[in-house]
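Right, one structure below, let's go through it.
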Amino acid sequence: MNKVGVTPAVCWMLLPLAIVLGLLLSLSFGASSLSIEQVFGALIGNGNEHGERVVWELRLPRAVLATVVGLHFALSGCMLQALSRNPLADPGVLGISAGASLLAVMLVVGASMLPIGTSFNLQGDQLLAWLPWGALAGGILAALGVYLLSGSARLTPLKLIVTGVVCAAVLNAIMTGVLALWGQAHTETLVAWLAGSLHGRDWHHLWVILPWTLVGLIGVVITLRPLGLLRLNDEQVLSLGLDLGRWRLLVLLVATLLAASAVAVAGPIGFVGLVVPHIARGLVPGNLPHQLGISALLGALLVLVADLAGRTLVVPFELPVGVLCALIGVPAFLYLLKQQP
Amino acid sequence: MLFHKLLLCLMLVPLMASAITVQDDRGEPVQLSRPAERVASVSTFGADLLLALGMKPAAITRFGPFDQPDYLAGSLQGVPVIGSRSQVNMELLSEVAPDLVLAIRRYTEKDASRFAEIAPYAALNLVTLNDSIRAVSIAGELVGRTVDAEQINRSFQRQLETYRKQAPGGLSAALLVTGGEAPFIYYDHFLTAELLNWLNVDNLGGELSEPEQGLPLGYRIRLEDLLKQNPDVIFLFESNKERAFTQNPIWPYLKAVRRGQVYEVGQHWKEAAGPIARSLVLQEMAHRLYPELFTMPELPESLRSKPYR
Amino acid sequence: MAAISIIAVVLSLMMGAQAFTPIDLWRLSQGEGELLQWILFWELRLPRTLLALLVGASLATAGGLMQGVTRNPLAAPDLTGVVAGAACMVVILSTLASVDAAWYPLAGVAGGAFVGVLTFVIAWKNGLMPVRVVLAGVAMSSMCVAVMTGLLVFSGAEAGELFFWLAGGISGRGWAQLAQVIIWTGPPLLLAMLLVRWFRVLLLDDAVGRSLGISVSRWRLMFMLLAVVMTAGAVTVAGPVGFIGLVVPHITRQLLSEQSVAWLPLNAVLGGLLLLWADLMARLPATAQEVPLGVVTALLGGPWLLLLMHKNIRRAG
């Protein structure tokens, strides 16, 4: 039954190990060269100030955040692909990332224009502290809009995809317009954010996203069985007595929360939600629960590795993780798509 | 016994005097227990000032990976680069272990707490001429060379006054930075534009009523409006891309373009707050505006201003 | 129809940062008037108006050709990655190398063709389902955008400038740019009009074409190539402007049957007019930096497209 001959159990064992390895590598490598003893020493609290700072304040939160963000995007993509019965869907395609980015941009540009902004001493770049909440709200609003425009309870997967694509294009256009007209002073910082970046992320960002991870995981568990059934066509689902409209809405909600919260802390990183579910489907075809889990682990691994590469390739500068995910993801995507039956 | 106590007190006095507290441009106190020796310069200002004082920074930043070495490059061999002025690589900063960080306020204030964990952090506005003078004093005090820093400031003031007396005036100029179709022009309060005023030249950027932290630095101007004001001289700041507005059909109608008075200038004009940079910019600017009266300063070929096309 | 066009053209010549009244226009065309006004009129307004018409016509025709020969109502230069590919290649060249600007159109064509081909190759699965093509195109476009964003980030303070070019616009384009566009879009446009007979055959089933002795796949390739060249020419000067190629053919189809000989010309004229209107609206706000053209076309085209989709999907069941 499994073409590749890989049982789920093997994946479940290997992937977590790979992630742990990735984490260790992330702790050991970076712009500043630390020896293994220094890293180890810092971990057990025995290191010098520099080592401890680099490991505990800079690398560890960032690496953990990378895995969490990757998990979010991959899970979201997997759910959306099942929901829309289309292997080419992901939060970016459906406009969620675009909505999040738009609100984030509007927040930065708007606050520096209003008198309130300056009185709170939120001159331009300080506002980056508020971006997560703006992005979260934006993503949810965009998903809501797409949902309503696709017909709400009467939504079909086809309508969802097409509406999503168009909404994404329109939202991106509005964002570019806002930036062009009013955002002159902030382009440098915002463009970096819009590329999807983990630079300067620390424990604070992790605390912002973890509650949503919990919510998302609970949501996945709740919608697990209906999600498997939603992949069948509508008549079959209805004959099984499933309330199509309600479950579709719930799945969309969970996927949106996962994606929007990830965009909130890392900016819109594309391709993770698109490519990883494909790989998972290739490894464990037909088995949705396992696909979800393996997608999550694979997504975490991908973003972790991408961030590590981005941090170490052009020292002292950094490549945004979004760019690296695209560079890794697209060739993989092209290859997989041609392999699929 | 008393003598020994007195000696002890006398020894303590210099120790206490060495503890330095200065207010930076945020109004926050920057506290050092003794004059800084390893300074991380997040922007060219710090490196500039240190070199003027005969010291060397412990770390510097560049504008970006595609960047050319700037006017200080020759003297900064071997100094580690720790990122760009708006995105500092914290790991490398920590590795360098400085005892003071000099940075531009508007790019780094949000990370103030992170900088402060590594070393005392001084945020400087570095927009206007006053900012530059104050920054030289502040930084000079922080490295324990207050007197020398004041000397640097005073000699620059004298230089400004000399130039003002000699400059005949009667010209207008514009400082343009690439901004796609509509170039970005600087307000009067921007340091480089203020130098124009000292040379009795009218800066077409105009005045800004209430700058906050010196921002915004300027605004976008349509070429049609620029044509109406028609500057005598145009200075184009550095760009790594072909300037779109010079392809605009209006461009060849500008007086400055027809007379060949458009000059591409080096990167240091964008951030001229350091003592070496501001003096160089003043001299070069004067030469370009009044070529018969002032000579070109010594500069490597890559940094000299060039006539545009 | 003719009345609308004339009004549009006159309005375009009138509006902008400095507005002309019709009387001014009359005087200017006679060769009188202040120097500044004269410069604005002859060097900016007039070529810009012509450019808008030409770019709109090219994009609409490219879209019409693509939709017709693939029989796919969702095919268009922007949704199949051609626009993103052309723009990406131009951005790569201008950021990483200091290549003479004359090479940009060629690079644009190469980039657009490459990405467009890839999109269709990916989407092929026993035929070309419209939605698969769209999504493959979006994926390819996203990759191009990611590459461009990466380069943007490294441009540092220059990022803004590149970013706005990516939103599309024709402000500040003059006769030189118009000449460039004419070279790359004029011949393909003319060729497409002349070859309308084969276009009409391709609109029907492949079997019909073969029975008429026409090499269906070869002609399909030819028209796609024309579409790509036209798009690249337009994108190199105006930046990636979306939605025109996608939406205008749909509108034309409401007015006239695709089989009609006049369909392609009408489509081109409509495209030109619509882009001219969009450009007019982009000039409305009194800010120094104009609204990027791509933003206006997205805001106009997006809702229209949604409406179109809903009607089609409801009809299809």
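Letters are used for the chains, namely A, B and C, taken in the order the chains are written, and counting of residues starts over at 1 for each.
As a convention for this text, contacts are C-beta pairs under 8 Å (C-beta built on N, C-alpha and C of every residue); 3 or more make two chains touch, one makes a residue touch a chain.
Worth saying up front: this structure is predicted, and the values here are computed from it rather than measured.
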item	value
Innermost chain, where centres are averages of C-alpha coordinates	A
Chain of greatest Cα-centre distance to chain A	B
Rounded Å distance, chain A centre to chain C centre (Cα mean)	33
Mean-CA-position distance for chain B and chain A (Å)	40
Euclidean distance of C-alpha centroids - chain B vs chain C, Å	44
Multi-partner residues of chain B (at least 2 other chains)	64-65, 84, 86, 179, 220
Overlap residues in chain C, where contacts from two or more other chains coincide	154, 156-157, 160, 164, 287, 289
Residues within chain A bordering two or more other chains	184, 188, 192, 317
Residues of chain B touching chain A in the complex	64-65, 80-84, 86-87, 89-92, 94-95, 97, 106-107, 109-111, 114, 117-118, 179, 184, 212-213, 215-216, 220
Partner chain A, residues of chain C touching it in the complex	74, 79, 118, 121-122, 131-132, 134-136, 138-140, 142-143, 146-147, 149-150, 152-154, 156-157, 159-160, 163-164, 166-167, 242-243, 285, 287, 289, 291-292, 294-295, 297-299, 302-303, 305-306, 309-310, 313
Chain B contact footprint on chain A (complex, rising order)	30-32, 50, 53-54, 57-59, 118, 123-126, 128-129, 184-185, 188-189, 192, 199-200, 202, 314-318
Complex contacts: residues of chain C adjacent to chain B	17-18, 36, 39-40, 43-44, 47, 94-95, 101, 154-158, 160-162, 164-165, 169, 171-172, 174-177, 287-290
Sites on chain B touched by chain C in the complex	63-66, 84, 86, 178-182, 219-225, 227-228, 239-242, 244-245, 247-250, 253
